[in-house]
Amino acid sequence: MRALYIGRFQPFHFGHLEVIRNILIENDELIIAIGSAQESHTKKNPFTAGERFEIIRANLVHEKFDLSKIYIVPVEDLNRNSLWVAHVRSMVPRFDKIYSNEPLVKILFNDAGYSVVNTPLFSRSEYSSTKVRETILNGGDWEKLVPVATRDYILRVNGVDRIVHINSSDKC
Amino acid sequence: MRALYIGRFQPFHFGHLEVIRNILIENDELIIAIGSAQESHTKKNPFTAGERFEIIRANLVHEKFDLSKIYIVPVEDLNRNSLWVAHVRSMVPRFDKIYSNEPLVKILFNDAGYSVVNTPLFSRSEYSSTKVRETILNGGDWEKLVPVATRDYILRVNGVDRIVHINSSDKC
Amino acid sequence: MRALYIGRFQPFHFGHLEVIRNILIENDELIIAIGSAQESHTKKNPFTAGERFEIIRANLVHEKFDLSKIYIVPVEDLNRNSLWVAHVRSMVPRFDKIYSNEPLVKILFNDAGYSVVNTPLFSRSEYSSTKVRETILNGGDWEKLVPVATRDYILRVNGVDRIVHINSSDKC
Amino acid sequence: MRALYIGRFQPFHFGHLEVIRNILIENDELIIAIGSAQESHTKKNPFTAGERFEIIRANLVHEKFDLSKIYIVPVEDLNRNSLWVAHVRSMVPRFDKIYSNEPLVKILFNDAGYSVVNTPLFSRSEYSSTKVRETILNGGDWEKLVPVATRDYILRVNGVDRIVHINSSDKC
Amino acid sequence: MRALYIGRFQPFHFGHLEVIRNILIENDELIIAIGSAQESHTKKNPFTAGERFEIIRANLVHEKFDLSKIYIVPVEDLNRNSLWVAHVRSMVPRFDKIYSNEPLVKILFNDAGYSVVNTPLFSRSEYSSTKVRETILNGGDWEKLVPVATRDYILRVNGVDRIVHINSSDKC
Amino acid sequence: MRALYIGRFQPFHFGHLEVIRNILIENDELIIAIGSAQESHTKKNPFTAGERFEIIRANLVHEKFDLSKIYIVPVEDLNRNSLWVAHVRSMVPRFDKIYSNEPLVKILFNDAGYSVVNTPLFSRSEYSSTKVRETILNGGDWEKLVPVATRDYILRVNGVDRIVHINSSDKC
């Protein structure tokens, strides 16, 4: 069985890590789709698809996951819900089921005949990308909210400054 | 050093394999970008990005490449040459140089300050995706032109029929 | 005289029906343009253009309108106000005037030399698509707000569930 | 049973008429989708979607077809084969099967699980839109190649001049 | 030295004029880029790129600026931050530095290696396009907020009516 | 009277110069619209809009035209003929008539109610952008085909090399 897991990973945190670990227990292979791949330098999407790819990969390596069982694929938005499933299917390797808690994703994939499984919840209030970005913005202790591989990458690309500057803009 | 290698891989053949092998001798890591990712079911681009991803990955596994050193990334066309380098950079992990024999790719990346290296030539007349597609279309012995992992995948998704049907269309 | 009437019809309700009835008293023919045709599965646009087309058509048949006098045409958004009139003109049969109460539509068509007529008001507070969607969402008695042909279609495609699920999403 | 028939109808000729007549013998209802709806004023697509809509409708009225069984729907191109079926499905009423002789259309709809039926052939060499456009361009007797409703419309919008002028352009 | 100054100029006011005057003291030449060129008839962007071009030019002429030192260039939005600098560079003459107080513009151009200079502040609270539009909308004394060339143009194209009507729309 | 003159100016040659000179004799002001502004680094469109803008401007300055009477405006393609006139109108200052020998431009602007004037012919066989590009490509004496301001700019940006390299690519 090959599973699909879609997220924006802005940025990748402990919750994502646990979801991946659990999916790989229940499945042979996993596709991690990086959604909104064309977005970057906005309040909700500070990092490019390429940067998010590197962060995810660094985490997988750090956690010693078997890379031969995992595919990472950036997917641009299409902004047409009725075409979303067909778009994802064309961009990623074939998959058997999809993990998601997002109601829209569930409807669209269910209507297309896919089995949609809820991702296990790891205290969503505690681990969320929104919370990480807000903590960075407010000068809080964001480093404990993300794995070390995420932290190192953000520090290396000067991501804290980027998030602070972007949030002082009217444009994004 | 991390190198970038861009192709459409329609389909992946022995020439691609040798280029990858050589790049990995000269570099620590390699990004394989699957270009024209949004295209499929046309004469020049019969396979989807997801299918091409699977074929490439199957070849890497079959050849026992170290997957922790290779990134595979589908990249949609933008159809604006002046934005092409910025687009690729946003979609893939950071890279230090690029391998290509394509004059347009060379100009655009050179103008952006990148080092562009010629890919070694493996009798281009013999190994080319165009030749593979034409041989499939003409009912020739295409299986000897591609690695076994490519052959198996094309047979499994009924790719021969697809190529034959597409080529009888006025539309693609 | 052929009149144009543009709406999103999310969903078609008694107010739309009365507007159509009135336009057909004053004109020989009517074009019903289904705007934002590319949208679906969002809070403001739950139904696809194809579904909206079916609902409108079912209402016209149920009300025994003369179909030889009515054209139904889905029109995708262009998101450029300065091109909107030219876009609509290219997609629908020629028309002599347009019925609308929407200030932007009035300005754009007036500037293009068209006569714009106010649609008669049928207690807008009572009959509005927004109110129908909210009543569905809140579990209220929405069925009395729409004609039987609309109600039957929404029930058949499980539209109530769709609207409820979409509204629990952050994405649409 | 509701059937789908997709064409560009540039312009609508006797062959189209016979296909429609035959489909309606075998089915309860018919959707006529006007493809490449965004195209006009080019050599291959001289008429706008709105004009083509009017021509088709005039023919249906002239032939006394039952309009309550026929839907006419312009559909813009998406230029992504892997999304084409989902796009068409979102824009038109639900359908059970599709009539087409076009190999690409067949593959795409077959892969999506639809039944695709060949349209009956009415001496394709004799009745084709390409032949009509070429005959108009060359000053030949095009009027005998199209039904009277098509002829009248083309004459009314000065379509002959348009086709001649467009064909002297380098641009379309 | 050639400087770039990007704005939406909805509409051009005294603050813009002073920025231009100052940039031309410090530089040989100036490119004025009209951003969001594709937008018009919305609350934030009431005027077309062509109208904004005429207003800016009328101001430059009225103020007797040397036109051989100034380039005015409309630039459409691309809506991809990672491509923005490459897009602007392709559309305007080459430039050496950029004047902006906008944090996003600063990050993007700095990352691309450009020098970004703050524009002098001319009591931003007093002179802002937002304030001009609001004053027009509220029937206030907007004419004193803009140079005479801006005022005359707005009056000539009936811009006050346009802004009032647009603001009574739900759509823009 | 303000006239509009649209071209791609790939590159600007003696014929363009004479057309401009003649239009300015018959009109008070002239808008030079640079079409296909988003294109560059292709066989038909080697130069960016920004580069073409600089070349045109350099020619106008060299020829001592009165810059207060001339507007230069890059215009991106829209690829929808039915929207072309509305698009151009939104991007450039208002104009009274248009100069063109291109049949498609004539039809579209005539249909929109504009007066279209033929540009005077300056031995089109001798002065054409196509001929300039071909002469550059073939190593011929292209410098005598363009004004000195065009020649100097092309030499400065290494345009000869660019054209040669682009033409050895399969991609553009």
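By written order: A, B, C, D, E and F. Residues from 1 in each chain.
Here is the rule we go by: a residue touches a chain if its C-beta (ideal position, glycine included) is under 8 Å from a C-beta of that chain, and two chains touch if they have at least 3 such contacts.
Since the model is a prediction, treat every value here as computed from it, not as a measurement.
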item	value
Shortest walk length in steps over touching chains, chain B through to chain D	1
Chains touching both chain A and chain E	B, C
Least step count from chain D to chain E, where 1 means the two chains touch	2
Pair of chains joined by more contacts [C-beta pairs], B-F or A-D	B-F
Interface sides of chain E and chain F: same vs different residues, half threshold	same
Selected pair, out of E-F, A-E or A-D, that shares over half of its residue contact pairs with B-D	A-E
Averaged-CA centre spacing for the pair chain C and chain A, given as whole angstrom	37
Distance from the mean Cα position of chain E to that of chain B, given in whole angstrom	44
Sites on chain E at which at least two other chains make contact	38, 40, 48, 80, 82, 89-90
Full enumeration of touching chain pairs	A-B, A-C, A-D, A-E, B-D, B-E, B-F, C-D, C-E, C-F, D-F, E-F
Interfacial residue positions of chain D with respect to chain B in the complex	80-82, 102-108
Chain C to chain A touching residues, read off their complex	38-42, 48, 162, 165-166, 168-172
In the complex with chain E, residue positions of chain B that touch it	78, 80, 82-83, 85-87, 89-90
Of all residues in chain F, those that touch chain E in their complex	37-38, 40, 48-51, 53-54, 57, 61, 67-68, 71-74, 76, 89-94
